[in-house]
Structures are given as C-alpha cells and as structure tokens.
Amino acid sequence: MKKLNIGMIGCGFMGRTHSNAFSQVNHFFDVPYQPVLKTICGIDAPLAKDFAANWGYESYETDWRKVVENPDIDLIDIVSPNNTHAEIAIAAARAGKMVTCEKPLSRNAAETAGMVEAVETAGVRNMAWYIYRRVPAVMLAKQLIDEGRLGRIFHYRAKFLQDWTISAALPQGGDGLWRLDAAVAGSGVTGDLLAHCIDTAMWLNGGITEVSAATETFVKSRKHNLTGKVEPVTIDDASLFLARFGNGSLGTFEATRYARGHKALYTLEINGENASIIWDLHDLHRLQFFDHKDEGRLRGWKSIHITDSDHPYMKHWWVPGLQIGYEHTFIHQAADFLSGTATGCYAVPTFREGQRTDYVTDAVLESARNRSWVKVGESQESK
Amino acid sequence: MKKLNIGMIGCGFMGRTHSNAFSQVNHFFDVPYQPVLKTICGIDAPLAKDFAANWGYESYETDWRKVVENPDIDLIDIVSPNNTHAEIAIAAARAGKMVTCEKPLSRNAAETAGMVEAVETAGVRNMAWYIYRRVPAVMLAKQLIDEGRLGRIFHYRAKFLQDWTISAALPQGGDGLWRLDAAVAGSGVTGDLLAHCIDTAMWLNGGITEVSAATETFVKSRKHNLTGKVEPVTIDDASLFLARFGNGSLGTFEATRYARGHKALYTLEINGENASIIWDLHDLHRLQFFDHKDEGRLRGWKSIHITDSDHPYMKHWWVPGLQIGYEHTFIHQAADFLSGTATGCYAVPTFREGQRTDYVTDAVLESARNRSWVKVGESQESK
Amino acid sequence: MKKLNIGMIGCGFMGRTHSNAFSQVNHFFDVPYQPVLKTICGIDAPLAKDFAANWGYESYETDWRKVVENPDIDLIDIVSPNNTHAEIAIAAARAGKMVTCEKPLSRNAAETAGMVEAVETAGVRNMAWYIYRRVPAVMLAKQLIDEGRLGRIFHYRAKFLQDWTISAALPQGGDGLWRLDAAVAGSGVTGDLLAHCIDTAMWLNGGITEVSAATETFVKSRKHNLTGKVEPVTIDDASLFLARFGNGSLGTFEATRYARGHKALYTLEINGENASIIWDLHDLHRLQFFDHKDEGRLRGWKSIHITDSDHPYMKHWWVPGLQIGYEHTFIHQAADFLSGTATGCYAVPTFREGQRTDYVTDAVLESARNRSWVKVGESQESK
Amino acid sequence: MKKLNIGMIGCGFMGRTHSNAFSQVNHFFDVPYQPVLKTICGIDAPLAKDFAANWGYESYETDWRKVVENPDIDLIDIVSPNNTHAEIAIAAARAGKMVTCEKPLSRNAAETAGMVEAVETAGVRNMAWYIYRRVPAVMLAKQLIDEGRLGRIFHYRAKFLQDWTISAALPQGGDGLWRLDAAVAGSGVTGDLLAHCIDTAMWLNGGITEVSAATETFVKSRKHNLTGKVEPVTIDDASLFLARFGNGSLGTFEATRYARGHKALYTLEINGENASIIWDLHDLHRLQFFDHKDEGRLRGWKSIHITDSDHPYMKHWWVPGLQIGYEHTFIHQAADFLSGTATGCYAVPTFREGQRTDYVTDAVLESARNRSWVKVGESQESK
C-alpha cells in the first residue's frame, strides 16, 4: 500500500478529529493509501510536541512554512484558525501538495477565491472538510433525494443550535476563543455553524438564489482573554435567514450559540411532494423518513436506526444495532478522499464547491447589514 | 331515535367516565339509541345528588335495588367496587335489564361464573368495560394482526406501571381507597391493572395456557382510613408473570404501583415473524409499527399518529393531526354497544369473554402463592 | 345556575368544537353559568337542521340576523367564514349581545378595527378563540415564563405545518374549501395558521416589532369546486418570517400546507438564559423543559406528561397519566370565559388583544409583497 | 511509557473491537501503559494474516499455545468461541500472563471455576469484558445509585432483543455461526445476551437470589453450514425469567433473537422510591432519569445527552453535543484495565465477579428445564 505523508497545520480540536481519521481509516476501509502522520504544526512548541507524541506524529514544527516546504510531505491538512487558511493553502498548492482544509475555507468568498485559483492552477487534489455529508444518515438522505423519492421539494429547514456562549463572563480572544473574534474567524455563527447547514442544504437541494437575514450580538462586550480588557464583541451570536432555492423551494436557516439546552443540535428537514426527511446531530445515527406512498392508515414518521450493512458506510463498522458517533464522519471523509485520489475522482466538496457556501454566508451577512434581500454571488447557479 | 334509559350504580371515577360516554356518544356516532341518564345510585346521598345534578341524571338513589327494580330502566351499568358487582349484575339480569359492568367483572372467576350464568339464562345484553380495546391505535393493531401482517407471533409483552402507592403514609381502606383492600377488590394490581393487560393480550394474541408468577407487597401495613388503625396490607402491590400462549408465543406481564415516574404506563408489544407493534397509554394516540417487508435500508419503527379518518373511530372526531384522549375510549365502547344492540351483535367482551381474564388472574395469584407454573382454567381454550 | 343562551353562527368544523365546548363545560368545571344551545345558524337549511338535532340546539336558522335580533340570545358565537365575522360581530354588539369569535377575527386589522370599536362602544363581553393558550402544557409554559424561570429570552421559534393541499387535484372554492379563497379567508396560511403562532408568541414573549417575510403559492391554479373552472389560486400556501420582539429576542415563524408528513404540527420553542421550553401540538399533552439550574451532569430535556392535578386545568379531568386531547382546549376557553363573566374579568384575548395578531399578519403579507422589513402597526407596543 | 504486549486469541467480531480498543486507548486516555499489538491468533491462517496486517499486529499464529508460551507476551486477551475460553485462560494464567476474556467467561459456572482458580492461584491480573458497564450513561446510572439518589429499589427490568435468527433458512454450525451451537456456546441467548443484562443488573442492584425462567427454541432444526445436514437446534432462542434480588426488589429479564424490529436493543430500567432510570443501547448516549424530588408540576423523564465533560469518560472525547458509539465502551474498559494495573486496583469485573453471572445463567437454564424456582448458587450473596 502506498504511503501518503501528512503534514497537519493546527493541533486544536480539529487537529484531533483529523488525526484520528487518518489513524483509523485503514483499520476499517480498504483504501489504496496508508496515511502517515508525518508532521504536526502548532504555534505552541510544548503543545505541538505533546500532540505529536499522543498521535504518533514523527515530528512537530512551529512554523507551517517548514512543513509546506518539506519534500517528504504529500498532503497539507489545514486545521488552524480561519484567517490562516488562505495563505497556507496557497503556499501548499504552489509547493505541489495535496491540500485539504477545515471549513469554512476562509473568512469570505473573496479570500477563498485565491485558494481555489491556487489549487486549480497547481492541479492538486483539494477538499473542504464539510463532514456532515458523511454522516451515514445524511448520505442515505442524499441517496433518497437523488433517486427522486421526495419528488418536488417545497421546504428546507436547518438549524444549528448551541448554548456555550450565553454566560457574559466567558471571555473572547485568542487560543480556543478565536471563534469569538471576527478578525480571525471572519464571522460568528454564520461561518462556524450556518456554513455547515448551507453546505449540506445545497448538496441535498441545489443552489440558494437569495436570502433575507438577521443577525444579533446578544452580549455586546466581553473581556479579552489575552489583553484582559473589556472590548466590543465583533461577531454575530445568532444568524437567521429565509432563503429561496433555485428549484423553487423555500428555506429557513438559523444558527445561534444562545439556545439554552442544545449543545450541537444541527437539524435538517426537507419536505417533498412524496416524502420528507428529518435528521438531527444529537442522534446522528437515526434518520426520520415519512413516505406518502405508504398505505394510508399506516403512514407515519419512521425512525431508521442507521446501523445495518446496507446503510452508507456501515458495513465497515460493527454489527446491526451498534451505533457509531461523531468522529466516524471524519474517517468516512478521509476514506472517500483516499479512494478518490486513487481512482482519479475528486472527493467532494472541492475548494471550488466549498466556495459556494462562502457566497451564501457573504450574502447572509450583507443582508443582515443592509436589511434587504440579497442575491447570492455568481457561483450560485442551481445544480 | 329510541331512548335507552340508564341506571348507573356507582358515582366515583368510573361513574364519571361512563356518564360522559353516554352523554357524548350521540354527538359523534350515528347509533340507533339515545342513552338517557335516568338514575344514578351512590351510597352517600349528598354525593349522589351532586353527581346527578352535574351530569343531568333525572334522579338519584342510595339503594341499588330500587334502581334494578325500576321498570323504566333499560340498562344497569355497574361502576361500584368489585365486591358488589356480582350481586347487582345477577339481580339486574333477573330483572331483565341489559347489564354492563366495569372490569374486573368480580373478585375471581368463580364469582364471575354466577354473573355469566345470570345474563345468559336471562338472555340479556351484557358487556365488560375493557376499554383499551377501543383505543384507536389498539384497534388498528388488532386489524393488522387479523390481516396476518405480523405472521407467526413469537413474543408478547405488557406492563401497567403506576407509582401512586409508594408513600407509606398513604392509608388503605374505604371510599376511594378500596383498591387497597383485597376483601373488596379481590386483589391488588392483578385485578386492577394486569386484568387490562390480559384482556387485550388474549384479544390480540389468543388464549394464555399457563403462567409462572411472582407478587410482592412492598409496604406491609398501612393505617386504615376509616378505623385509624395500622393494619396489614392484604393486596399485591406488584404482580409479574411469564406466560405461554396457545399459539406458541411467550409472554411477559408486569403490573405495579411502585414504578416511580410512571402514572398509568400501560404498554404492549407484540413481535411477529414479519412485523411488530408497540403501543403506550401515555401517548395513546400513536402506534409504533415495524414492517420487515419494507425495503431493507428503510426499515424502521414508524410512529403512526392515529388521527386520520382512515384510522379506527377517528372519522367521527376532528380533523387529521388533532388527537383525542382517554375518555374517548369509553365513548367508542358505548357506541359499539349501542350499535351492536341494534344489529343483533353483541359488543365484546361479553361477561363470558370477560371471565377468561378472571381465569388468568386466578392462575397468576395461585402461581405466586404456590411458586409453580399453573395451567389456566378450563375456559382458556385458544381462540 | 344562570342560563346563558347561545346563538351560534356557523355549523362547520368549528361549529362542532364550540358546540362541544358549551355542552361539556358544566360537566367538568364549576362555572356560574349554564350555556344553553339555543339556536344554530347555517346557510344550508338541512345541514343546520341536522346539526341542531345532533347537538341539541332548540332551533336553527339560516339568516344570522334573526339570531342576532332574538332577544332570548345572550351570546353570539361566530364560527362562520372570515369575511362574515365583522358584520355579524358588529351587529351583535350593537344588539347588546356578548360576542365571541373564532380566529382570525377578520381578514385584516382594518376590518377588525370595526369589531373592536363595536364591542367596546357597546360595552359587551368579547373574546377571540385563540384556543392554543388553553392547552394545559402551553399554560404551564406561560406560568414558567411569568415566574421568570427562563430569564432573558433570546429566541422564539414557531411552525405550523400541514400537508393537506399538496395535491394539485384538490379544488378551491366554496363550502369547506373557502380557506383557499383569499376574498373569503383574507389570506392563506398566514391568517389560518400563522395567526395561531403569533397569538401564542406575543402572549408568551411580548410584542413583535418588525418582520421580514416570504410567501409562496406552490400550486398556481386550481379548479373551483362551484364554477368548475380552473382559476388562479389567490392565497399563500406557505408563509415564513423573521421577527424581532420588543424584548430583544429573535423569532422565526413558518406556516405551510406543503410539509409532507405533518397534519397539524404546531410547534413552539423558546430559549431563555436559564431555561428553554418546547411544545408540539401532535403530542399536546407533553411539555419539554430544559432547566440550566439543574445539576450539571443531570441536565437534560424533561418530557413532562401534563396529566397531574397540579397542572393547569387538569384537576378537572381524570386521574394522573390519562391524557386529554384537542377538543378540551375549547372547553377550557369556554370555562374561562364563563368564569370571567361572573367575576368581572374579561377572558383573554379580547377583540382588542386579538387585533394585535392582525397587525402582525398584515405586516407579514406586506413584507412578502414588498420584499422588505416592515414595522408592525401601532398597537404592537411591547406588553 | 511502559509497553504492554498483547497476544489476542481470536480474530472475529470481538477481535476487531478489542484490537480497536488497544489501538485507540492511548490517543484519548492518559494511562501508564502502551498496549502493543504483538500477536494475533486465528485458526484460519490467511484470515489471521490479513487481520494482523489490517490492525498492525507484529505477527500472527494459528496455535494459541504458541502465543501463550511466548515470553514476550504480557497479556492474553481471549475472544475465541466460548468452549475454548477455559483451557486458554488456565494455560495463560499458569504461564504468568495477565488474562482478559470476552464474556461469558465460559459455558457454565463449573467451567469458569477452573479459570477463577487459575488466575487467583497464579496471582495474575484478570478481567471479563462485560463492556456495558463502561457506557458513560450506564456509569452515570451507577454513580446515581451509589449516591443513594434512587432510594429503596422496587423494580429492575432488562431486555436484550435481537431479530437476526428469525429466518428458518439461516444455517447453524461453525465459523460465525457457533453462537447457534450449544456445545460451543454453552447456551443460546442466555449466555450471549442475558449474561450482559445480568452482569449490569447485579453491578447496579446487587445479587439475584432466585429465578423462575422459561426458554424456547422457535426454529427446531436448521441446516448445519459445515455438514449440510438438517440437525436439531440445541440452543435457546429466547430466555425469560422473573428474579428476586437480595435487596427485596423484583426483576424481569428477557432475551431473544426473535423480536422483529430490534437489532441489539439492550434496555434496562430501575425504579426506586425516589427516582428511576432507563437506558437503551440503541441510543446509548442518552440516559433517561426521573427524579421525584423535582417540583411537582415539573416532574418528568429527562433525556440526558451524555456528551458533556462532567459525564463519565466524556472529557476524553470531543466537545459537548457530539456523541460517541459502541466501540468506545471497549476503549473505556481497556483504559480502566490499564490504569488499574498501574495503581494496583483490579478493573472489574474480575473472573471471580464474572462468575457470579454464570451462576445466574446456570440457574435460569435449570429453572427453565425443571419448571420451578431455582436459588442462585453460593457465590450469589447480595453485595
């Protein structure tokens, strides 16, 4: 089996999920490459060293440029804060590396444009880690939609609800708190949470053509954890929008970190002429399905426990009835990337496809600022 | 429309549910009789008088014999404590009245035998109010079983869980507490709760042939609410049994008043070769259905919201999506009784059919006493 | 007990729910009036006659003016199509009758203004039947909010999802189909379904200050069931809006008749700083409650089975564990109206309060037309 | 970090779950040993070779004796069919190895006795892989019980429902089908599924003193997959029993492979005076909890999403809201074993504790044969 040497840039929460994915993929999937955890890069040397030891990286670095320049590295995987994505990705592409990048690809579509151009010019493999496409239940939803089971689509609804920033005592700033800094993150929940909802939505239901949005910052100022000063909060705490899709259906989207009682409740629902689907990240191993073609008196919402060998990805895991969890979604994405790399197919979403989400998040933020409907940028042609 | 004059014996909780049923049935069902609330009978005169005023009874009595002897009365409906059922029912039958009786029919099968003989000798209409058969979801289950949707049956499970007697401070005795006095009730949860489970089970799954049971009285003595003295508790607080059905399937049954968190959780599940069914009184307007004939990757438990016009009884109520509740089950039973009376069919269960449950509860109590498997009495031939 | 003579205008679906409420209220609630079903009015004489016989009305009429003019009538209850409400209500008020009216009060706030003026000028009792306030679970939610259990509110979400008009073969027009005719109904789902969501929302969370909405008519033309001609559909099939409340919270609202799999799924969720609440009409006897003050590791969403005597309205019904249904909500509203009438309090919502919902639905329709945020009319001052 | 060289005997389904556990444990838990996958042993050489390559074992063997005799091996982990456990474990103990063994420990308590004696005589570490104790939700239940939150216990219920052997066309015999051969497995569902329920039950609720059981073999003969002949089925397809615990509570237990619609539905419920708990393997990341001490009108079953850092084991995984799955339970058990080994504590259950379950399964099978209540063997003293 061919080795694929990984240089990972970033060693936070996403560094763990990606490292785990590359460690586990060969145990469960028959893919033509064996990823090798070659180098981890983190700006804090002791942390990077510990991370390397924990996950079995052969070396660690504190300067990402050294990783990108290392001729032994085949793939640069970017899991650092959003404001660093573009520069790293562009350099990696120019160095001829495969490049994969945690979402959102960058802080906005314009910034992402440079990344798209770089990977396409260099002709290197590239992928955005919109991992919820690889939840088996969501993939089953995709299959059902592609088979035409739902018929004409009328409604799409998605929410991503969290509650971890409600306390006004929570600081903003650096380290694990860069998600509260718009200069670093690009936006608040719009890029962090809504981006997931939008990527899945367009994958399942085609392009979004226009949006009307509202955002809100409930806690207006917070202490900065590095400076110690109370400073204005620059991000959106909540972001909601109405959408029209290219296929004529209507969408409602909402993300917030102020929904008490929900930790990571990403839910989606799609209502078609013939059938409807509901999925929920808090019970990610289930798909709710309603089929109007069922016999009348026996119609109902079916809770499908996605653990059987005929469910997407599941024959690779345990036996029927035994569920998998969140981390497996990354392993699936790694497997698809490695398989695609062998066969000549690109695993989706590529950077170009990932940029489509940036066009929507840009439109959402503009609509909220301008209090008007905004048409989504040019790349939003309906699928 | 013909009038049917009702004499109701008892004005407690069941007096209310039955009075409501007779008041409401003509508003929703096209039946050939109009029940008239003629006389209510209660041993406490002021209570009976108030009850009559509240429900529109034309008169009240404190001596049930006067009601039975009244030539204007067509139907005697018995909702008094269990130890009074037999004597009233037999007298009513001999007086040529129709007789309906709240469950259990009496304190044991031998006592019930006199009631069966009396109504059959007199040739009068009779019915036991095992009302859970008339929950629309349960009736739908019955239809599916009768259509052979489930195939060979392997397992039947039923539980009736309550928690209202956990406090040792609760007294036993008279008035509303006669259910804690074995001399009046016949038994504890066996006759009160398990009887419901058994009636439904045999209706859905045929006769029970033998049982192995255990009972327990967790609080051994309680103050008597009339005498004020602490006296031994004579009833079973919990009653559990394993069963074998005539069709070869296995059953597990359990009833208790010590299941903290459950108020009236009557649940049943039946597993067949091809399909399975679950129902639950706490959400009585839903039926869970699993059909193995569904396409493999789309198999799952379907939650059928039983509110559509093609569901049993539901076309008589509101519009799809709008649920009914507990009391409606009595109205359905009244409707079936009145319709049957017109067409010559008897509404089930008759006293004879109701007695089959007494044979099982007798066997359960005997098994618990003797710590052995007990065959169910002679009338338990498989349906 | 004093008699209260009812003249009911309309004998459709709502005629049944209201007649049932007035029939049942005295059986379960100790109120100072006994409603008497005096006269039912319907435009189809045979139907009105049958309706009268079924529900025990003493007489029937085909001309509502005769009912309004009848000096024996104390209360005019309006359950006819929306375009008739104002004229009838105004005439009834001028005749000195109490007036209650099914929602929405009329086709728009301007039309409702005449009704408000009439009842206030005449000084007569008046009430709009926004019945979901009287679901025990919703009333418990109100209590918790009023007690400050939720703290500062961040989010309010409501949806009312149906699927009964998906088929393009469904005609529009008269009789039971007037809800598809904007000239009669005023609007489509905005007035029919969203109005419920809005009334509950403002009752629980205070006034809505501005909205951004989108509406859609998925099936553009339908055969008229009276003329037989295919005609443009004039109503909104779906209506969605973002809202800002006076208390600073954000709202998302959606109503549709094109959500396959949902019959009458009215759901609401409210997220506060300290606690959150979810309710769902398809299981109306449950309230979901999350309390952040619970011990950390034991936090979770609690499903409260609203059947205990310490739950709103429930001591009037059966025993713990036994659920009530849709129709009971009308009985509660009737009980509150009759009690209020005795004590001098008005049962809410009065016509004036009901008009607040019309201001919002007007703003929603205007926003959808103009593709802009619209401020809600002057009466929308925060509660 | 010290290396701990693993010799694993068996490379089927459980070989995978154990290999994964030892591969993953150091990535997530700070334990003092690093397990090294030294040698895998399987009777089919090509399969064993592939398994070794897939999981990174340094070598493979087809004769377990060679592994046991290898001085480099520190720990023998047994995941082969039940009839081989005792011989391997005894040899491993005599060779001075640590010994861990998949459940059930052997085919019956007498056979297990030799294993217990061997490990205790040799003074080697030993553990039975009753992994459901390490589900975070189940561990939380244990904490709550140990803290006295539930008060006096009245009822314990457990079921393990599967449906994979319903088809009469399924063969019995060798390879993956040894679970249908009593000579190899010891029993059918009693040892395979009920053993899990019993282990958890006694851990949570103390010893079981006596049982009354029924077993059934629904499909009486099946083709043998090796001989091709139709032969009698020797195992129990279903096994049910009533139990009395040493603490006075009553138990109902059931396991079957004929419960259509359930793949691996291990559920448990425990009802105490003050609180109750429900858990369910199909949604293993949730715990249902009812606390009677909650304010009356707000009592209800709480669904606790076990993903927070204050839940057992969960701080080692991802972030709140993100669930883990089945395989993690083995990783937790490996972590506890390795930690315990370092600190001098034994990770439970040891072989001696695991044998207690064998005494109960022996009693269940005897009770079913003899149709009588059977007292559990001597080691079943109440905790």
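Chains here go by letter, A, B, C and D, matching the order in which they are written, and residues are numbered from 1 within each.
One rule holds in what follows: a contact is a pair of C-beta atoms (placed from the backbone, for glycine too) under 8 Å apart; a residue touches a chain by one contact, two chains touch by 3 or more.
Everything numeric in this text was worked out from a predicted model, so none of it was measured.
**Q** Give me the fewest steps it takes to get from chain A to chain D if each step has to go to a chain it touches.
**A** 1
**Q** So which chain is the furthest away from chain B, centre to centre on CA atoms?
**A** Farthest chain from chain B, going by C-alpha centroids: A.
**Q** With centres defined as the mean C-alpha position, give me the chain B-chain D separation in Å.
**A** 41
**Q** Calculate how many whole Å lie between the centre of chain A and the centre of chain B, each centre taken as the average of the chain's C-alpha atoms.
**A** Here the centre of chain B sits 55 Å away from the centre of chain A.
**Q** From the C-alpha centre of chain B to that of chain C, how far is it in Å?
**A** Distance between chain centres: 36 Å.
**Q** So which stretches of chain A touch two or more other chains?
**A** 262, 299, 301, 305, 308
**Q** Quick one: which bits of chain D touch chain C in the complex? Just the residue numbers, please.
**A** These residues of chain D touch chain C: 140, 287, 289, 291, 294, 296-305, 308, 310-311.
**Q** Going by the contact rule set out above, which residues of chain C touch chain B in the complex?
**A** So the residues of chain C in touch with chain B come to 13, 16-17, 19-20, 23-24, 26-27, 54-55, 162, 164, 262-265, 281-286, 305, 307-308, 317-328.
**Q** In their complex, what parts of chain C are in touch with chain A?
**A** It comes out as residues 154-155, 157, 161, 163, 166, 212-214, 216, 218, 238, 240-242, 244, 248, 250, 252, 254, 256, 258-262, 271-276, 290, 292, 299, 301, 371-373.
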